[in-house]
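Given below, in the form of structure tokens, are the structures.
Consider the two complexes below, in which chain A is the common component and chain B and chain C are the respective partners.
The block that comes next holds the complex of A and B.
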């Protein structure tokens, strides 16, 4: 039962409605596992750092200046992460391309800052950022494993011999991004509904 | 620039370089959009204007000022986009608020605009960058309008499996649009 509660918490505690806002970078970085992990780490760290700073400063930032101030704080952290990744993982930055920079204006990170960090203390902000970041990373990695395995017949860039004659190129392309994310989301819906159902049964 | 080249760039912006569907930039903004097709068209037009004006500022800024401090590129571009969006919102506040509610500022600051500004730094001339921006903007606007029209269409909810209702079916609809674009491009 404890295991079920943890899974349920992760999925309930993560606003899955946010996935629609981050669908772009999830699909863009899920063609390769390394890119997915790189983007996942970038999202997690950017959300975590910006949440800490924004929750500490939200009382001193005037209401009218919140949008530019929050965007510039997020952009600063994204630029920093981008430079660190460029230094240590240049091939991942090449794979992600312009999507890493556009994380600065991502509605996922901004909404987290605006709705959670702006109204709560550091502890709640850190917890929400961690849960949301980990959720995004897991979704991206799951999508990437499916797309790389079926679409490219590789895993972590290494060719898989028995899949070479069965790979479907379209899965690694743009259409595959939508198809695989739709299936993964349907599975998430199924799991969350199952847990809601179990919780309701327990209450009754 | 030759008329045929301009026409080619505009067609590419709508079809093969469709920024929202094929490049995954601003996809969230399109998928999240719950407005009618008319409001989406107005919002798309505003976003196209933001793209063109932002490029008008960011291209020379990158060429003459930022080439030696490239690490400041994202920060500078975000600031420019922010200012452009706020100025357009101030000038056309009545129109935008009536047609697109008051969330134009949050909507227009999206990955498509910033990504396009960064892409355009590779264009050789400012004119080429501006034409590319207008073409990509028209493509973004059409995608938003067509997608809004598709979402407006009444469907039998019971025919969709419960787990696929919501985001999954929205993603599959967008995937079908991608297939149509790829078929037009003879890529698929």
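The block that comes next holds the complex of A and C.
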């Protein structure tokens, strides 16, 4: 990677900062594993396609048109993805509700486009979009497994018999969403710090 | 030039995505439309298995009560789906019901999509098979009763289904079911014995087919074989009996055998209401003497009546058992002029958790507010407490019933 170019928080080793930007849709989509996978796929595809297009066109788009142009591109892809999901995954769209549409103004997707795709070639942009999209998908699915199991006593919508009397409704709600996300972020922080510590030891 | 380039680029992006969306919509549009129609139909298909499409025919119907909100006709001729509401004394909002009626007039399915009555009285929990008992019934609803312990809510639900079926028969969309004599007579009970609430049904013996026992102790109702006919006999807590035929006519004078059998059955379950009322009179009215029980031919919530004197003045005391949030035991003393002299209740429920909102209420002042009220001046509004409508409505019912009993005692209109 060229010196001075920008990359994602993930590739810089600060995934928690990226999670904060996407906390809204992670929380909203992680009450159910199917919704988490659906949103994860939508984020991944939207980031991938918009990154490819923006990195290909960033040199021909004038500086004063970049903000509206990038928003148009992201919104366009999100709308197309939304149409496909409405046709083939209507149940997932019902679960995601308005949060699928608001993906077009998500700070995560826009930041990826504006700070990575706008400063790098297609290869780096694709790599960043893939890593970021997969990262979010994994985080949302992990959160969803915890929230479904503890909050709804279900997995993939199927009731878990022995959990029915122990479920904690609040975990499936907004409070539980942020609580579980905070716990997952804490774990990611711990792993990240441990990883940095090992890198520093190797360098020394 | 730079500005022009900006405009061109933005327009090109918009045009490309608009074209892409247009092209994609040609493929996904019909699928999405089908999905949306399917989602809307899912709710209706739940009570109309195999339904393929629905046409809203609500506007074409006559004699439609407010509880029937929407009526759909299944387009292939399977039947009809009705969206209805039901409301009881325990409703925080109307119960929402989806009812399927097959073309042969029988119920194909029924679901409650929003249950807004008190959760602890949920008849679906008390009797998980209750909703299923409606399936296969025609408009007579012959084999569908009420749920013990959830009488108000299940009555509201049943009444809503009855109203829905009546709309369909009134509009000649389905054939009316035929009711048997025993069903007609059973449905007559609330009309001729309005005070008999929360009826528990049991099999009878001898000529008595069925026995209905009012949970509030107000009396018994019997479906009785009388020769070739089937009649309804009701016996109140004071041991007075009346007999009705399937037309609803009072045939007591010509049904001595039925009266004897019904009274004998009722007297096998003695009550202590007159003893309780006598004790209460002694406490409420100092110097009460010559306490004499009175048997009244009223079938409301009044379970006992006595006359007595205090210093040579005659008074009448009545014991009413209406149902509010719980069972109420309400006592009234009325003078010869028909004015309330005293009012009390065995247990004012105001101290219970449900009524903590007005824990500071002056109960003595509330009771004293009844003094002087007569049947002519009583409107009902004066006893209603905004934060305890169920209990105060029960007291209102008791007050009205006691004035009715007093009129019966004096030979006036009931």
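Simple rule for what comes next: the second predicted complex is superposed on the first by the 188 of 204 C-alpha atoms of A that agree within 3 Å, B and C clash if a C-alpha of one lies under 4 Å from a C-alpha of the other, contacts with A are read in each partner's own complex, and residues count from 1 in each chain.
Going forward, contacts are C-beta pairs under 8 Å (C-beta built on N, C-alpha and C of every residue); 3 or more make two chains touch, one makes a residue touch a chain.
Worth saying up front: this structure is predicted, and the values here are computed from it rather than measured.
Engineer: Look at A:102 in the shared chain and tell me whether it touches chain B only, chain C only, both, or neither; answer first, second, both or neither.
Structural biologist: In the superposed model, A:102 contacts chain B only, not chain C.
Engineer: Looking at A:73, would you say it contacts chain B, chain C, both, or neither? Reply first, second, both or neither.
Structural biologist: second
Engineer: One more residue to check, A:83. First (chain B), second (chain C), both or neither?
Structural biologist: both
Engineer: Touching A:161, do we find chain B (first), chain C (second), both, or neither?
Structural biologist: Once the two structures are laid over each other on A, A:161 reaches no partner at all.
Engineer: Regarding the shared-chain residue A:123, is it in contact with chain B (first), chain C (second), both, or neither?
Structural biologist: A:123 contacts neither chain B nor chain C.
Engineer: In this superposed model, does chain C or chain B come into contact with more residues of chain A?
Structural biologist: The partner that reaches more residues of chain A in the superposed model: B.
Engineer: Just to be sure I read the superposition right, which of the two partners does A:65 touch: chain B = first, chain C = second, or both, or neither?
Structural biologist: second
Engineer: Who does A:185 touch here: chain B (first), chain C (second), both, or neither?
Structural biologist: First partner only, chain B.
Engineer: Need the overlap of the two footprints on chain A, from chain B and from chain C, as residue ranges.
Structural biologist: Residues common to the chain A contacts of chain C and of chain B are 68, 72, 75-76, 79, 83, listed in rising order.
Engineer: Using the touch rule from the top, collect the residues of chain C that touch chain A in their complex.
Structural biologist: 2, 5-6, 9-10, 13-14, 16-17, 20-21, 24-25, 27-28, 31-32, 35-36, 39
Engineer: What part of chain A is in contact with chain B in the complex they form?
Structural biologist: So the residues of chain A in touch with chain B come to 16, 19-25, 27-28, 67-68, 71-72, 75-76, 78-79, 82-83, 98-99, 101-102, 104-108, 110, 170, 173-175, 177-179, 181-183, 185-187, 189-190, 193.
Engineer: For a test of understanding, state which residues of chain A touch chain C in their complex under the given definition.
Structural biologist: Residues of chain A touching chain C: 60-62, 64-65, 68-69, 72-73, 75-76, 79-80, 83-84, 86-88, 90, 94.
Engineer: List the residues on chain B that touch chain A in their complex, please.
Structural biologist: Where chain B meets chain A, its residues are 21-29, 31-32, 71-75, 78-79, 81-82, 105-106, 109-111, 113-115, 118-119, 161-172, 174-175, 178-179, 182, 188.
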